[in-house]
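In what follows, subunit A forms one complex with subunit B and a second complex with subunit C.
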Partner chain A sequence: MLGQTIADGILTGAIIALGAIGVSFGLQILRFANFAHSELITWGAYLALAFVGFFGVGTPIGPVSFGWQLILAMLLAGLLTGVLAFIVDALVYRRLRNRGASSLTLVFASFGLALILRHLIILGFGPGTHAYTHELQIAIEVWRGIRILPDQIFILAAAIIVVAGLHLYLTYSRTGIAMRAMAESPALARACGVKVESVIRWTWMLSGALAAMAGIFLGLTPQLHPEMGSSLLLELFAAAILGGVGSLPGAVIGGLLVGLSENVSALAISTVYKTAMPFILLLLVLFIRPQGLFGKKS
Partner chain B sequence: MSESILTARGVIAGYVPGLPIVHGVSLEVAPGEIVTIIGPNGAGKSTMLKALAGLLHIDAGVVIQEGKAIGNFPTHDLVAAGLAFVPQTGNVFASLTIHENLVVGGHTLRGRLKERLSDAYALFPDLVPKRNDRAGTLSGGQRQMLAIARSLMTAPKVIMLDEPTAGLAPKLVMQVFADLRRLAERGVAILMVEQNARAALRISDRGYVLTGGRNFAEGRAEDLLADETLATAFLGARTPARKKAS
Partner chain C sequence: MIGLLSYFVFFACVVLILGIIALGLNLQWGYTGLFNAGVVGFYAIGAYTHAVLTALPKADLIGNFGLPWIVGVAGAMLACAIAAWIVALATIRLRDDYLAIATFGIATTIQLVTLNWDRLTGGSNGFSGIRRPLSDFFSTPFSFNLWYLALLSAITLLVYVALDRMLHSPWGRVLKAIREDETAAIALGKSATQFRIQAFVLGSMLMGLAGALYVSFIGFVSPFDFLPILTFQIWAMVIVGGSGNNKGVLLGALVVWGMWAGSGVAVAKLVPPAYVAQGGAIQVILIGVLLVVSLLFRPGGLIGENVTVSRSVHG
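And then the complex of A and B:
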């Protein structure tokens, strides 16, 4: 029972981690709390749904419930969500930045944007639920009574690949290094000749693409609905802050801890309290390490 | 003095448009020359440098680099054109390694990154064994060395430094000045703002004195050092001042 709960927690956590990375980037590089980030998750999921509607979900590959068409839809949706994030920045946030808006102004703008983005989805796809596929799946016993759906194994593997790829990108690529430089000091990065706006653009693209992945994985297990992103919003922030803002491993560990604490707590106390668990954990961590688990002291 | 590489005329600039701190400063630097800007606090020295570096808006005046007007160009274009700026405080990325700091310094380079990196390490061999350490672990003097090495990544023709010796022990101050002299001998033009006015002028070719955001005096460094009025007003007394009987 505990093993199964832990497995479920890790899966939820992996999805939260993908979203939390974007939130963490936003807090560190863009320097504000982007409450519209959760809507990028919803948009990513629905964009993939639109592509699936266009060229089908494909014949299932092996035990998973979908074919290569969904994987293609996933990549296209990731790209488009990145572009969407960039367009939103160009239309709203960049204009505010250029007028010297405070981060609080940006936060409130993001609330408004979240509503607009969410209701555009409702306008286009209706308030009900959707699914990529109605294929039935049988859980596989992976280890001593722990059963996981083949789709979930795919999700976990894909999340690991994406995070590892991102880690390599941030560590070794020039843009990745410039992003970390920006995260530490935008003013010094600018003085060094870093094109601040172009790094911001990349940050949005990456955050959007990662959010789309999270959304599609949520949609696969098992369905899509217009509040799928917004209902995760607080967990995303809890994960980003828990791990330490600006740290990629932090956001990933934070996501996993949030997923685990929600699921494992349900073994001991009523599931009514499930959503409170990450925040209790967050409080405990911040008491001991105000900068988060992997955060740097400022 | 040879042909100047960077010329500013009547520059008016500040942090807030319409509230200038620099009220029409003119100066110039030639290749291989060290020029120091001195003056009291609030004279607009740092503001002038930041305006030249494209970090502050220039309300009026002309800035010319190699015959081309470059006033208000975005910083990344200026850096790419060979104008580097080393800020005073927080001038290294503490969370990045020494190597990564240098890579950020070469951000505007198209290709040639490897070549420039080995050049920077050749100039500052002390950085080589520490290349994978975080810059936050460096001492004040080493940080300054790294900041200068990073500014060299683009092979700049002009380096502007805002108080490069601030907070350094006297021995390290001399080290930084010796490094700058070495760069000047390679033909780089150096424009710096210094509180250590006397020591800075000793290794400089020329100097400018700013007060209240305006040019107050200028001349060859040794002349400025020898000027009695300037010495008492801006350089701090050379010898303990004779106390007047009260």
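And then the complex of A and C:
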């Protein structure tokens, strides 16, 4: 029973981690808490749904519930969600930045944008739930009584590949190095000739694409609804701050810890505590170690 | 005729209750520059505390102590003060958007707890039997609402005057000084952290008061009266009215709630029943666009803050 709970926690945690990476970068590189980040998750999931509606979900490959068409839809939705994040930045955040608005003005704008984006989804797709596929799946016993659906194994593998790729990108590519420089010190980065606007553009594209991945994985297990992103927002913030803002391993471990603590507390105490868990973790980390597990003290 | 009149009495009561929340938010944001992203959470804490303390005992609920009305109101404010103090203590010395995240966390968590902790909150059904002041004396709904409107007007006036006195006292001037130039205020020996925590706790207590006033008006509590959108509406009232201006904020409460209720009626009339959700979505999108646009093009709000300069400049 505990093993199963831990497996479920890791799966939830992996999805939270993908969303939390963007929130963490936003807090560190863009310097504000983006309350609209959760809506990129929802938009990613629904954009993929639109593509699935267009090409179909495909004949299932092996034990998973979908074919190559969904993978293509996933890539396109990731790209488009990145573009969406960039457009939102160009329309609203960049103007506020150029005016020298405070980070709280940006937070407030993100609040408004979250509402607009979420309700545009309700307008387009209705308030109800949707699913990519109604294919039935049989859980595989992976280890002594721990059962996982084939789709969940796919999700876990895909998440690991994406995070590893992102790690390599941040470590070795020019843009990645510039992003880390911006995260450490924007003024110093600018003085060293880093093109700030281009780094911000890449940050949005990457956060959007990762959010879309998180959204599609949420939609696969098991369905999509307009609040799918916003109901995860507190978990994303808790994971990003717990891991330490601006840190990729921090966001991943933060996400896993949030996912695990939710599932384990539901088993050990009660489901009421599950809902309060992200908030309790957030308060604990703010009181005890506000820079997070992997963050540097500022 | 009496139907229309009783609707306006009801509407005015709701506007005054929301106005008190907006005054609380204005103390936090307008005068101190603190971002509360979980206004509805404090409102709900006040409402549920009052409900649990004063409602008549019921077999399957662990709360419902049947205490007097005024105890419920005091308890609601105290509970909000404690919650606000905990998040303020955790976040105010850190980045200024961490308070936004923590207050958002309170709102999300309270919403889930009220939905799931059935033994205390009645879950999604909520519960009724909440004590309403002098409800035996004013037995018809209309006379009760009329009396309640008078009570609310008196309380709102009291809150307004008290805030006005405080903000024009040395305490209020320190708040403004911290917002305008923290370093200078600290150099003058004022603890920015302490003043911020005080203003935040006080503002949240007003939200708790409003919550208690709301449930003792309706006599019923349910999670669906405390949806996240409310935080946004209160923000709209403060921004539209002009943050840092209490009169403007009360006017903002009237304008924003009037527009919200009015557009709700319009949506219900114009949109076919099958598309009610979409109609509601358009309503929210419009208010969101209004806010983002006002942030981009008219950051001062409708009225805005009165410019204050030192007396010696005039002299």
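Following the convention adopted for this analysis, the second predicted complex is superposed on the first by the 291 of 298 C-alpha atoms of A that agree within 3 Å, B and C clash if a C-alpha of one lies under 4 Å from a C-alpha of the other, contacts with A are read in each partner's own complex, and residues count from 1 in each chain.
Heads up, the rule we're going with is that a residue touches a chain if its C-beta (ideal position, glycine included) is under 8 Å from a C-beta of that chain, and two chains touch if they have at least 3 such contacts.
In this text the structure is predicted, and so the values were computed from the model without any measurement.
A.B. asks: Scan A:F35 for contacts with subunit B and subunit C and give back first, second, both or neither.
C.D. replies: Second partner only, subunit C.
A.B. asks: After lining up the shared chain so the two structures overlap, which partner does A:L72 touch, if you call subunit B first and subunit C second: first, second, both or neither?
C.D. replies: neither
A.B. asks: Where does A:R174 make contact in the superposed view: on subunit B (first), on subunit C (second), on both, or on neither?
C.D. replies: Once the two structures are laid over each other on A, A:R174 reaches subunit B alone.
A.B. asks: According to the stated criteria, A:T275 is in contact with first (subunit B), second (subunit C), both, or neither; which is it?
C.D. replies: It touches subunit C, and subunit B stays clear.
A.B. asks: Taking the superposition on A as described, I'd like to know which of subunit B and subunit C A:I61 touches: first, second, both or neither.
C.D. replies: In the superposition, A:I61 touches no partner, neither subunit B nor subunit C.
A.B. asks: Have a look and say if subunit B or subunit C is in touch with more residues of subunit A.
C.D. replies: Touched residues of subunit A are more numerous for C.
A.B. asks: What does subunit B use to touch subunit A in their complex?
C.D. replies: For this pair, the touching residues of subunit B are 53, 55, 74-76, 78-80, 85-87, 90-96, 100, 103-105, 107-108, 113, 150-151, 154.
A.B. asks: Within their complex, state which residues of subunit C touch subunit A.
C.D. replies: 33, 35, 37, 86-87, 89-91, 94-98, 100-102, 104-106, 108-109, 112-113, 116-117, 228-229, 232, 235, 277-278, 280-282, 284-285, 287-289, 291-292, 295-296, 299
A.B. asks: Using the touch rule from the top, collect the residues of subunit A that touch subunit C in their complex.
C.D. replies: 27, 32-33, 35, 92, 95-96, 101, 103-105, 107-109, 111-113, 115-116, 119-120, 122-123, 126-127, 230, 233-234, 237-238, 241, 271-272, 275-276, 278-279, 282-283, 286-287, 290
A.B. asks: In the complex of these two chains, what residues of subunit A are touching subunit B?
C.D. replies: 174, 177-178, 180-181, 183-185, 187-195, 296
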